[in-house]
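You will see two complexes here that share chain A, one where it goes with chain B and one where it goes with chain C.
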Partner chain A sequence: MTATGVQTRPVITGIGIVAPNGMSTDDYWSAVLRGDSGIRRITRFDPSSYPAAIAGEIPEYDPAGLLPNRLLPQTDRMTRLALIAAQEALRDADADPAEMPPFACGVVTSASAGGFEFGQKELQALWSQGGKFVSAYQSFAWFYPVNTGQISIRHGMRGPGSAIVAEGAGGLDAIAKARRHLRAGTSLMVTGGVDGSLSPWSWLCILRSGRISTSSDPHSAFVPFDRRARGAVVGEGGALFVMEDPDRAAERGAAHRYGEVLGYGTTFDPRPGTGRPPGLRRAVELALAEARTEPSDIDVVFADAAGSPELDLVEAETIASVFGPRGVPVTATKTLTGRLLAGGAPLDVATALLSMRDGVIPATVHVDSPAYEDLLDLVRDVPREQRVSTALVLARGEGGYNSALVVRKAT
Partner chain B sequence: MDTFDTTTLVQLLRECAGEEEEVDLDGDILDTAFEDLGYDSLALFNTVSRIERDYGVELPDEVVAVAQTPRQLMDLVNTGIAERV
Partner chain C sequence: MPWAGETPAEGDKVEGTPEGRRVVITGIGVVAPGGIGRKQYWELLTAGRTATRTISLFDASPFRSRVAAECDFDPLAAGLSRRQIRQWDRTTQFAVVAGREALEDSGILGQTAPYRTGVMMGTACGSTMSLDSEYALVSDEGKSWQVDEFHGSPYLYDYFVPSSMAAELAWIVEAEGPVGVVSTGCTSGVDVLGHSADLIREGQADVILTGASDAAISPITVACFDAIKATTARNDAPETASRPFDRTRNGFVLGEGCAVFVLEELEHARLRDAHIYAEVSGHASRCNAYSMTGLNDQGLEMADAITAALDMARFDPAVIDYVNAHGSATKQNDRHETDALKRSLGSHAYDIPVSSIKSMIGHSLGAVGALETAACAMALEHAVVPPTANLTEPDPDCDLDYVPLTAREHKVDAILSVASGFGGFQSALVLNKPERRAV
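Right, the complex of A and B next:
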C-alpha cells in the first residue's frame, strides 16, 4: 500500500467520548486513570429474567441539555450518544463543517445493529396498538447507519458518508475508510463509532452469541487474560474523532493534533475446521508493515481482550509471537467499561491517544490471577507512567474479523 | 375533543416532532410556514398520524403536502372532525 511514494498520514485533531465511566473525554480519562469502572447491574430494563444482568451502562443523563429538542423524538439512545460525542470532537478540533465547502467533510462510523431500543418500542406499539401508533421516525431511527446520517445532517457534512459493520473490529475499519476518503481529497472526516442499546431485544441478541459472562459480580465478570475468564461484559458508548488531511488541518489552523494514523491491517479468520491459524497475527503484521514500524518501536498494545479463554489465548500468543514474550506493555482498559460493540475499538484508539498525550499507560483492572504472565506484560491495577509515542490497537469482531491500527503521537 | 385548536396543535408538534430552539411556538405562528418553524414533511407526518389517532379522524395522505401552515392544517383537521361519522 505504501510501497511507492509517501501517502499522507491523516491527523486526529478532535476527540469526543461517551462511556459508562465518563460522558466526556476529560471525565472518561480521569475515571480511567483512577480505575473507576462503569460496569454495573442494568437499570434500563429489568434484567432479572435473563442469564446475564450486568453491563457497561451509561448512567441516566438529560439529553435535553445536550442536544437540539427537534432531534429527540427521532433518535435512539445510541444515536443521541453519538451526536453528543461528535459535537464534542468537533468542538475539540475547533472545526465547523457548516462553514466549510459543502462536500469538504464526511462521516464514517462503525455500527452493529442500529437503534434497538427505539425499534423495540415501535414494534411493541405495532403489535399491541396498531400501525397508526408507530412513529414515522421508525423509518430510520432503528437503521444501522443512522448515526452517520444524523451526524452528517446536523453538522452539514455532505461529503462521503457510510457505516461499517464488523462487530467489535468495525471501529478500526471505519477509521481506515475515513483515511481513504482523506487521501482521495476530502478535507475532514468525523469517524469512529458509538454503539449499544440496552433493551430486552438487543440483550437477547447479545446473549445468543454465547460469549457473554453470566457472572453478576461487576468486579469479576469480565476478566480477560485471567484464569477466571468466563466471557465478556458488553456496554454502550464509544468515541468519535475529527480526522483531517494534515495540510488542510494546518491551513485552517487546527488547534492541536493528538496523533496520526500510521498503519492499518485487517484480516478474516479461516473457516473453522480448516486447521489454518487465526488471522489476528497477519492483521498486526500488515499494520506494522504499512506503518513502517518495527515491533520494538511500539510502546503499548491496547488489547482486544475478549475475555473468553480460547480467544484470550490466541491474542496472548499473537502478541508474544510478534513482540517476544513480555516484550511490550499490554493493557485492556475495556475492563472498566465492558466491550462496547462497534464503539469499543474507537474508545481504545482514543485512550491510546490520551495515553500518548499524558505519558501514562492506563491500567487493566480486576485481573487478579493472570493466566499468561509468561507471555504478556499486562499493565495491571496501577497506571504505568512512561513515554508513549506509538501504540498498537487490536480489535476483533465476532464472526472472524481482525483489525489492527498503529497510531503515533503527533510531532 | 370536538375542535382542534392551536394549543393542542403546538402540544402535539412538541411531543411528536420536538421544537426548534430559535422558534417560539407560543407566539403568533398560525400563518408561519411549517418549514420556517423547523418542521419537515416527516415531522408533520408523525404529528398528523397522532392527530388522527387522538381525534378519530381519517385525513387524506396529501394533507402533509397541502397544509403549509398551522392554520391550514387546523382547518383540514376541523373539517375532518365535522365530517366524522
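Right, the complex of A and C next:
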C-alpha cells in the first residue's frame, strides 16, 4: 500500500506454462488455438485395472537442459515441471532474482496433494523393504510447499514463501496472496501453481473423489456444460507467473506487461441442507467489486467447468445471473488439458492473459450437445477473434471452495 | 474507502478501516501431548513436565528414533461420533476437537455472519497417518505397485487433499468466507496465523477460525527423519530426550497436536464484549534459498523475518519481553536461531527470557507454531513464561537466557515467536496485549 492508501496494482510480467498439450507458453498457446488436446490414455502406469484410464498426462520429456541433474533424485515429477515453468516465467520477464536485493523476491504456489508419485515410491520402499530404504529426500520431496522451496532455492529468492491448498481453487488464492506481498513491499513474486503427480496411488485417491469420468474416449470423457457430462478428467501441469510491483517493473524496464490482477473474491459453500445458496456467485461479485468493474466490462469468462451436471448447472446459473443469459462469452480451454488440480486455475489465468495479448478467445472443445444454450454463450470448437481487455477466471475446489479473479490487460 | 472483500450483504456492518483494523485472539482450543484442552496444556507447560515417551502408536522397534510426544487422545471421549472417527484422519479429529473448544471459549457461534467468517488451517503432513496405513492395505504391504482399487478407505480423497480439514471446520463454524490451508512445513502454524490476520485486516472477514494440526507419528514419518538423522535416538531416556539449547542435544523429538484460535477483528470482539487474549500484530516469512533441509550459518533470513514482523507491528525490539523460540534441539537450529535473535534484537536479546516448549511437547511439525502461539497467549494472560525443560548443560554457543527447567513469573506485554523449517522457511510472529500497542 502506498502512502496515500491507494492500492497498487501489481502487474504480471512473465508467464511459464507446462501443460499436457504444450511444454512452454508458445507451444501450449498454439496447441490451444489449434484445438489440440492433451487428454489421452495414461502411459506412466498401466491403468487397465482401474475404472478410468485417461488423463491430461504430460508426455515424457528430456529434462537435460531444463533441469540440473542433481535435482532429479530429490524431486517429484510435479516439482520438476514447476521448476521448468518458473524458469520460463523468469526468463520471459527477463528477471534474475539473485541479482536483486536480498529479500526483494518471494514465492507463493498452490498445491493440492504434494509429490505423490515420489511418496508412493517411498511408501513402497518402507512397506516392502523397511524404514532404512526410505529416501533421505522423502521428508520434503512430497510435501505441499516443495515447489515453493525448490523455486526459491534455484533462483535465490529470499523474500516471503508459502503454499496455499484449496484443491482446485487454491491457484487463485495463491495469486491473491502474492499480490498482498507485493502491496506490502516485496518487489517481485513468482506465483501460480503446477500440479500433477500421476501414479497408481494418486490415481486410486483421485478416483475415490467420485468425480472422475469413466469414459475411455478422450473426445467425450470430459464435456462440461454438455448434456453428456459425466465427470472430470484430471491432468498434470499448470502455470507460474512473475508478478511485480508496477513501479519496480517499470524501473527495471520489464519487457512484457501482460496484465494486472484487478479483483479477487473467495467464498465457501454452505453446508448442504441449509437452504443457503452456493458461494460461487458471491465470489464473482466480490472480485468484480474489488475490480470496480461492471459485469458489462468483462469480455470473457474462463469457467471452472467441473464436468458434472450438478456443478455445471450451478456455474451456468451463476454466470447467467451475473451477466444475464448469454451475456458474456464463456470458454473452458481445460477441455484440452483436463482439470489440473491446483495448477488448473493458474493455467486459465495464463490463457486469459494470452487471450488479451492476441485478441482471441480460445475455444472449448468436444462439447457437441450443449446443455445450457439458453444461459451460456459458450465459445465452442473454433476460437473467436475479438478484443479482450478484461477477463474473469473462476475456480472451484472439492469440498466447497470458490474463487474468482479479474485480470485486465495492462495499459 | 472500499477494500478487498467488502460485502454489504446480510446487513453486516463492517467496523473500522482496512488501515485501522486490528486482529485479536478471542478463543483457544488445544489438543496436545500431555493433555486435551488449553488448561491441561498450560499446567503441563508451567510445571515444566515433559510429555515425550516411547512411541506407542505403532511398533517402532525397527527404527532408529523411537521417541515421540503423543497425545493421549480418545476421540469418543472427546466428543466425536463413530462415523467421524472412521471418516477423519487423526489430524482432522484433532482440529475439530480443538476447534470446538476455541469456539466455545470465544462464545462466537451465532454472533458472526457466515459471509464474514472464514477458516484457515495449517498443516505440514495432512493425513499422512491414514495415507501410510492405507497404502499398506492397498499395496498388500508394498508387494504391489499397482494398488488394488477394491481395497482402501472410501475417504481416500479426503486424505489426499488436506483442504478437506478446513472444509470440515467450515461446516462447523458455518463459514462462507475465505477458507483454505496454508502449508509451509514446520512454519505452517505461524504462517497460517499471519495469513489469517492479513485477511481480517484487509477486510475479507471479521472472524477466522484458524490454527494448525499435525498427527504424523507413523512409520513413514519416523523413517524419513531417521534417514537424515534429524530426530534424536535417545531412546533409553524418552522423558528427557528433547533438549533444546543443551550441549548434549542430538535432534528433535517428533510430536503431534493441534491448536485452533478464534481470530477476530478488534472492534468486532469489543462490541460483543469478548475476552481478548492477545493481538496478532506482526508476521513475516522468508525463504533461505539455501537448502530444503539445512540452515546457512548466519541466520540472516530469520533475522530479517523478525525485523519485518516487528516493523509490521510498529515495535522496537526493546518492546519485546519474551521470545518463544523454535528451539527444535538440533545443533544447527539452536545456534542459527540464537544468532538470528542477536542479529535482529541486538543486545536486548540477552535481557529477555527465550524458551522452547518443544522440550516438553516435542516438535509437532506444522502444528507446533500454533501450539506455541497458544502458549504465548496464555503467557500474556498469566504473566508466566514457560521453561525450557531438560536444559542442564547449556551449549556454550547458545548464551541467551533460555529459562532452564522451571517456569518464571514475568510480566509479558509483547512476544516474539519464531519458526524455522524444511523448504528453507523462516518465520516470525508478534503477539501483544492490545493496550500495549497505541495505533
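We adopt the following convention: the second predicted complex is superposed on the first by the 406 of 411 C-alpha atoms of A that agree within 3 Å, B and C clash if a C-alpha of one lies under 4 Å from a C-alpha of the other, contacts with A are read in each partner's own complex, and residues count from 1 in each chain.
Everything that follows uses one rule, which is that a residue touches a chain if its C-beta (ideal position, glycine included) is under 8 Å from a C-beta of that chain, and two chains touch if they have at least 3 such contacts.
Predicted, not measured: the structure shown is a model, and the values here were computed from it.
Trainee: With both structures superposed, pick whichever of chain B and chain C touches the larger number of chain A residues.
Mentor: Looking at chain A, the partner in contact with more of its residues is C.
Trainee: For A:Q124, using the defined touch cut-off, is the partner it touches chain B, chain C, both, or neither? Pick first, second, both or neither.
Mentor: second
Trainee: Does the superposition put A:A136 against chain B (first), chain C (second), both, or neither?
Mentor: Both chain B and chain C are touched by A:A136.
Trainee: Which partner chains sit in contact with A:T267 here, chain B, chain C, both or neither? Use first/second/both/neither.
Mentor: In the superposed model, A:T267 contacts chain C only, not chain B.
Trainee: First (chain B), second (chain C), both or neither: which does A:R70 touch?
Mentor: first
Trainee: Which of the two partners, first being chain B and second being chain C, lies in contact with A:P309: first, second, both, or neither?
Mentor: Touch partners of A:P309: none, neither chain B nor chain C.
Trainee: A:S49 in the overlay: touching chain B, chain C, both, or neither? Say first, second, both or neither.
Mentor: second
Trainee: Residues on chain A in contact with chain B in one complex and with chain C in the other?
Mentor: 74, 132, 135-137, 139
Trainee: Please output the residues of chain A touching chain C within their complex, sorted ascending.
Mentor: Those in contact with chain C are residues 1, 5, 7, 45-46, 49-51, 74, 102-103, 106-107, 111-114, 116, 119-120, 122-132, 134-140, 143-146, 148-150, 152-153, 155-167, 170, 173, 177, 180, 200-202, 204-210, 263-271, 274, 276, 279, 282, 285-286, 289-290, 292, 397-401.
Trainee: Which positions of chain C touch chain A when the two form their complex?
Mentor: Contacts found on chain C: 1-7, 9, 19, 62-64, 114-115, 118-119, 124-126, 131-132, 135-136, 138-139, 141-143, 145-147, 149, 152-157, 159-164, 166-167, 170-171, 174-185, 191, 195, 198, 202, 204, 219-220, 222-228, 230, 284-293, 300-301, 304, 308, 422-425.
Trainee: Tell me, which parts of chain A touch chain B in their complex?
Mentor: 68-74, 132-133, 135-137, 139
Trainee: For the complex, give me every residue of chain B touching chain A.
Mentor: 15-21, 38, 42-43, 45-46, 49, 52-53
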